[in-house]
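For reference, the structures are reproduced in the following blocks.
Each of the two complexes below includes chain A, the first together with chain B, the second together with chain C.
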Partner chain A sequence: MSTLSFNNISTEVLSPLNQFEIRDLLSIDALGNLHISITNIGFYLTIGAFFFLVINLLSINYNRLVSNSWSISQESLYATIHSIVTSQINPRNGQIYFPFIYTLFIFILINNLIGMVPYSFASTSHFVVTFALSFTIVLGATILGFQKHGLEFFSLLVPAGCPLALLPLLVLIEFISYLARNISLGLRLAANILSGHMLLHILAGFTYNIMTSGIIFFFLGLIPLAFIIAFSGLELGIAFIQAQVFVVLTSGYIKDALDLH
Partner chain B sequence: MIQVAKIIGTGLATTGLIGAGIGIGVVFGSLIIGVSRNPSLKSQLFAYAILGFAFSEATGLFALMMAFLLLYVA
Partner chain C sequence: MPQLVPFYFVNEITFTFVIITLMVYILSKYILPRFVRLFLSRTFISKLSDISKK
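Showing the complex of A and B:
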């Protein structure tokens, strides 16, 4: 019984997972069992959409020909994603997929960066969001491959120039690794954001306990505080890198479906 | 008892960070070797190295995430 109560306290007060809790902000019980609600994840996704809308409005610069500094940031973002798409998929035909890849990059980047704001909510740390993205992407790439190649698409599972005796085993391994793309693509993003935020939370809790326990400890606590600031910088870098890695892998999967190795 | 097992399991799960540390070291060590042999490829190699860093760091974060989950969720 005592362990149970201790467990309750540790999960309610000390757990760094509390920041990821999804709550109803606004809910309506309409028509019997229908429960319509705005949760905090939906709220922050909406904020992200508005945020990017505002940046786009600023960078349009009242439809003038000469661009301002906002549009230069947009253009460099455009050029970066464009170079990823053209180098990963295909320099000529790959540009059809550029709007999709660009939207994906902006979505992940904006939500990662909004999650870095203190006391806000990290939408991309939720496996619901990232798995929804990754399963949809891999399924879409598979449909694309079947549409383009028909049943010949299964030759993706056969590595080039392998001996016939090893073939069943290799096809099985390739098939499993193809299915594992679903999981690994979303898990990588969510695990990065989740563990980064949890790490910052735990370090901040330690530092708070040190700094509030005395005047000497207050100055001693400045050392771990510097570590926390450094880790925040690392997390900002990870927010960019993970968005880029997600986009590069998505382009790679689309290329696999289009070109079959 | 469960608390003790949780803490032991968390400590064991963090050993996965050994591999991530080695991986990140290999990635950046290879970057330095590659750049010192051919400095003109620096920007291209750096992009690849960042990608490799993200991959190997992600594996370490999987271990860290398992540790956190064992400690706080399980």
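Showing the complex of A and C:
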């Protein structure tokens, strides 16, 4: 945050990136250079996990067979992710990955939605968080493939029915595209959340400046305000879509490792 | 860009993995089996009611 002073008028210039700044809430320097302090990102990630557990406790419904409105939301969430897992991985062998895929979906969705609350923090806009997830997933899928198929797993890099002369080039391209999965999976999520939040911040600053300029401008500012509301709705949709896309692609990568092609 | 400050990288990754691991454990041990039990009970009851109708 930089402060400009003109004739005793102080104007704070807020960068749209300030909202993503990580701050120490409680400094713990016990582990030397590792810096395991309670930061705002850690705090919001913990709140997300806690929030999900509370929702699950609220929707226990005393183990009744007939759902109430709380438990039906959880059941439909379960059914949605279950259908992704069975259709993308394998109806029989894919079930074992269901808890992981379910957790991943909930983790991303809740943190995307927490980021939508004004003055909160969008944890999924941090590339390190999403890259940590995507690199782990692709590495895990690769280990799974080698464990299941051994060296035959390298046949993943050979497209079916390709001419022998083109094989070295195609293998190279397939190998690069396999490595690019690491980046694309994490980058997609973080870039979408980051750009959405920056867009809303810029539009909000713009509207605030218009609406505080005079009575006519106040009513004129209602037009960009309507845009902000519309974009907020769009961002809510993106929060759900990005969580689903991440989970669908993860399931696809696990399927590639299990079945080859 | 605050995302690219390496000072907090270890902190972010530690929190992410600890929370994901805890969530996977709690979900697979306590929460998801409850759904399976619920769906199974519904299936059995509907089958029982089908048998009793016959």
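Quick notes on this structure:
In the analysis below, the second predicted complex is superposed on the first by the 236 of 261 C-alpha atoms of A that agree within 3 Å, B and C clash if a C-alpha of one lies under 4 Å from a C-alpha of the other, contacts with A are read in each partner's own complex, and residues count from 1 in each chain.
By definition in this document, a residue touches a chain if its C-beta (ideal position, glycine included) is under 8 Å from a C-beta of that chain, and two chains touch if they have at least 3 such contacts.
Worth saying up front: this structure is predicted, and the values here are computed from it rather than measured.
With both structures placed on the common chain, the touch criterion links A:Lys255 to neither chain B nor chain C.
Once the two complexes are laid over each other on the shared chain, residue contacts for A:His197 go to neither chain B nor chain C.
Of the two partner chains placed by superposition, only chain B is touched by A:Pro16; chain C is not. In the superposed pair of complexes, A:His126 makes contact with chain C only, with no contact to chain B. Applying the stated contact rule after C-alpha superposition, one finds that A:Ile241 touches chain B and leaves chain C untouched.
Counting residues of chain A touched by each partner, chain B versus chain C, the larger count belongs to C.
In the superposition on chain A, contact of A:Arg181 is made with neither chain B nor chain C.
For the contact definition in use here, the residues of chain A common to its chain B contact set and its chain C contact set are 17, 194. Across the complex, chain A is touched by residues 1-3, 50-51, 53-55, 57-58, 61-62, 64-65, 68, 72-73 of chain B. Put simply, chain C touches chain A in their complex at residues 1-5, 7-17, 19-20, 22-24, 26-28, 31-32, 34-35, 38, 41-42, 45.
On the side of chain A, the complex with chain C involves touching residues 17-18, 20-22, 34-37, 39, 41-42, 45-46, 48-49, 52-53, 56, 60, 63, 65, 74-75, 78, 98-100, 102-104, 106-107, 125-129, 132-133, 190, 194. Listing the residues of chain A that touch chain B in their complex gives 3, 6-7, 10-11, 15-17, 187-188, 191-192, 194-196, 198-199, 238, 241-242, 244-245, 248.
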